[in-house]
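Two complexes follow with chain A in common, the first pairing it with chain B and the second with chain C.
What follows is the complex of A and B.
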């Protein structure tokens, strides 16, 4: 090795150390806040640990066996997917419709943007309480209106068939504003030239315009909205915790609420860890779809 | 094929007046260029013709029939955009076919899935495929039909945009600065291709550009616009040889026309710094005028031009631009206040820097503009000799603005 190479190599090493030094705080935080808790979570899922208890035993796959044979957990998983199945198309289609309509406004556009975005800015817990009042069978405004119109009372939250769809409606109401903003951004990025060129090429009416230009060019935005909406809907918790507490007859039991009950109500921490891992698996699946499909579709 | 008539077209955006009372008749098969600096209203005018923008007042007619009430695609016009406006999610074939599918297929036949049910659709699409193929062949893009616009070069996108306009066989082609996104070399090439295309299609072309070279090289007639008005309408030669005002004189021609401030003296001749031009303008003594001299009208004395009784201005060479066959010579005038003059000559090694030379020009080649910038018609007795043929054609290569 030549003598001239030494200082150069040392300099290179020093540079690498400096870089690592700058990255270290962020890396430590990532480790402490994400990686280590995840590993602890995974470890706990193989024990019988309960919150507050000093000792624990390794129980192998017992918790997993229990989880997948547990009727309550199966129901909460199905309920959650049912909820996503309503909220996802509902909020995506409605927000796209709203975005297209709002996008065409000129003077009133910011007014509509604010109106639709307000639910996003509010705290869902507080709004859930308000919705509970609105939907109350005897005191609520909505049932009062239905009575006036001659439909009679609808037990929105106490009918097992209606409770989850009702929560889904609130979920849609809350998500439309956010998705609308995303779609508006997507719409703004479509060059006006394309609409003008298409007008000359014979794309005459709104439906043709939407099918020929708007919808295809919103593809990347739509995929992004679908993925984020799926994750958000999958995380449904606030409305359940405030309005139905999983009832009536377990009709609104969802995954996050089940985890909450097991972990912080019955203190069965180990069992809650298993449910959490299942929950995380779904979120990872959605994220993977976003990363791979979305990135590929963005480039025409 | 169509004759296009604009009558009293005006356009305002709120309080901003963009077009003022435009009257313009474009003959069947004519190549007319709207040229002018940015903001002169040329793009707005072409957009009004296309139907993308409603006019505030006035009327547009194709072959005598008003088209004001028609939507863009009903107007028998096609437009090529500056950005090309190709549909990024469609292949070249789909881009070219769209105007035809829109016109020939019913809505149901265009819808996904549903369209598979129509046997009529397959027949029509086969016909469309043939027509698209023909146009693509003409433009030499038939090998690119499966590509998407993002996979094409600028020149190829330009051709696709042209092709999309051509498939419909429109009566009028509208082109909004179609070459301005191309590099200089390709622009020169596409200029001659567009001219050829016009000759082949024999359609009416309305072409918008801010580049006077494009206007001069391709057009049958040029309408120079400024401040929302057409300030001169004529053949390229008319605009170059007889500019109606200072704005046209300065805009058309590269290098820019030389302008010298002058004043009518007691004898009626024009007094300029360092010399005197014996032209009778008919303006009262003391009037301020501007004399315009094309760079090729001025010749340094060492080149011994065969001028009869030329005007002489002492000057010194300041800078030389060698363009190969010709040279652009920048002179400082020595008489009076500091002023410059640009000459364009064919090879002139004999003019040496730092050595005072006389610049020669003939009074008859002067353009005289009054204080308001309007061309002064020179009395026939003095300007009777026909305008000399231009020694050099306007620069073909560079951009004029």
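What follows is the complex of A and C.
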């Protein structure tokens, strides 16, 4: 063995030890905060455990059977998907429109950027409280304006048919700025000469230019925005917790609120873990799509 | 005489400059009309929050639509919000929790990211795969078992319980690893030859170079945890420990809830820190928050 090999080997061993040492805290936390909780969650779902009760029994698939036949849970799933179905097209289309228009502005671009991004930076709970006040049937400014215009009072949050769309409107309000920034990033990566070339070719009209150049080249960004928006909308909780608490008549019960109530309010831990696993399944499906989309984006 | 004046006829198929100008102006008009209408929708709650926070109760409760208060009542509303609910306490709790989380996240994620990017060690690939998998698990999933564990340990209603699920940021590890990978190996080798330990290399050479990523990550982390309701709502019932969103919820639920002047004053105080920071560090802020989009 040469003399130089020894220190090299020792160095390599030392590097391995340091590397492992550097990664160890993160690895242990990963086990404690993700891996073990997931296993415990899966195990809990087959028991009748309730927080505070000392003993528990294995009950097989009882919780699953109960969850899928539970009217309330089914309604919360349907409501969540309904919410996503409003927020997704609403926020994606509006933010795309805003981004395309803002992108062409020169002097006023940052002015609009600041305004549209404001909801993203603000505390949603505080703003939800303000929205609740704005939408108040008798005191709110929105109903005051509606009365003045000759429409009657609209009970936005107490009408079961209107409550969820109203929350979705606030969801759109919060997401437009975020999606706009993602679209703006996508727009600035489209080469300018393409537009110049199209002008020479006679594609003069703004709408034509959008359809022939912007839209196809923005495809990957759009797919990406659609997936992240779906995940965000699927996790709706704050506005429900502050503004409606699942009401009126369960019209705004959503999946995270159902999990919160079962797990941390009624302490039906085992049952809540089944609901959590259903929630996780949806998020994983969205994330798989996202990975797929991200791959396409990098290969574009 | 004949040739002196150039004729100003418009060639066929082209628009005259004046007509083009008019078309451009109407186009601009509609663009700005649309964008401004959207801006009004976005700004409505902010403006109304500020205006209401300086209105006296009788003007708030009058059914008449009035924008500017007749009587300035800001002092009363804000002092009520600060006295009746510990709004400053909520803000302080928010600062404590956000700082604690961010410091631990950086201390744990940076060495791990460096090891993943630059060092060979057993289990490296497994760890990275775990990190990628954990990226798509939201806090609401491990919340239940972590809550049960904290309850068993008697740690509910502590700052620690509010921070612990977020001590590990897999997103931070992922982001810093990407950043460290492009750090030149030659510099690291040179530092090793100079007798620097890996520990020193991480904190004194590699970390300072990653400043933009760290700044963006800090914004992302602080905004996420200043605004988080779900987890504090679960582990905190002592109102003195409540971070801003939970405090706001408590304040809105309490009997003070119908005092909209004070309520909007509290909302203003709790929203202001992030919004003001945003206005001053706009680029960094947008960068930091939209990184969740990359996640």
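As a convention for this text, the second predicted complex is superposed on the first by the 272 of 300 C-alpha atoms of A that agree within 3 Å, B and C clash if a C-alpha of one lies under 4 Å from a C-alpha of the other, contacts with A are read in each partner's own complex, and residues count from 1 in each chain.
Rule of thumb we're sticking to: a contact is a pair of C-beta atoms (placed from the backbone, for glycine too) under 8 Å apart; a residue touches a chain by one contact, two chains touch by 3 or more.
Please read all numbers here as calculations on a predicted model, not as lab measurements.
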Let me test your reading of the model: by the given contact rule, A:202 touches which partner, first (chain B), second (chain C), both or neither?
first
Could you look at A:23 and tell me whether it touches chain B, chain C, both or neither (first, second, both, neither)?
second
First, second, both or neither for A:216, with chain B first and chain C second:
first
Touch check for A:124: first (chain B), second (chain C), both, or neither?
second
More chain A residues touched by chain B or by chain C?
C
Thinking of the overlay built on chain A, is A:149 touched by chain B (first), by chain C (second), by both, or by neither?
neither
Which chain A residues come up in both lists, the one for chain B and the one for chain C?
none
Can you list the chain A residues touching chain B in their complex?
191, 193-194, 196-204, 207-208, 211-213, 216-217, 219, 299-300
Show which residues of chain C lie in contact with chain A when the two form their complex.
27, 31-32, 34-35, 38-39, 41-46, 48-49, 52, 60-61, 63-65, 108-109, 111-112, 114-116, 119-124, 127, 130-131, 134-138, 140-148, 151, 164-165, 167-168, 170, 173, 198-199, 202, 223, 226-227, 229-230, 233-234, 244-246, 248-249, 252, 260, 263-264, 266-267, 270-271, 274-275, 277-279, 282, 285-286, 289-290, 292-293
Residue ranges of chain B touching chain A (in the complex, touch as defined):
47, 50-52, 71-73, 77-79, 81, 83, 85-89, 98-99, 102-103, 107, 110-111, 148-150, 164, 168
In the complex, chain A touches chain C at residues 12, 15-20, 22-23, 25-27, 29-30, 33-38, 40-41, 44, 51, 94, 97-98, 101-102, 104-105, 108, 110, 112-127, 129-134, 138-139, 141, 144-145, 147-148, 173, 176-178, 181-182, 185, 206, 224-225, 228, 235, 237-238, 241-242, 256, 259-260, 263-264, 269, 272-273, 276, 279-280, 283-284, 287, 290
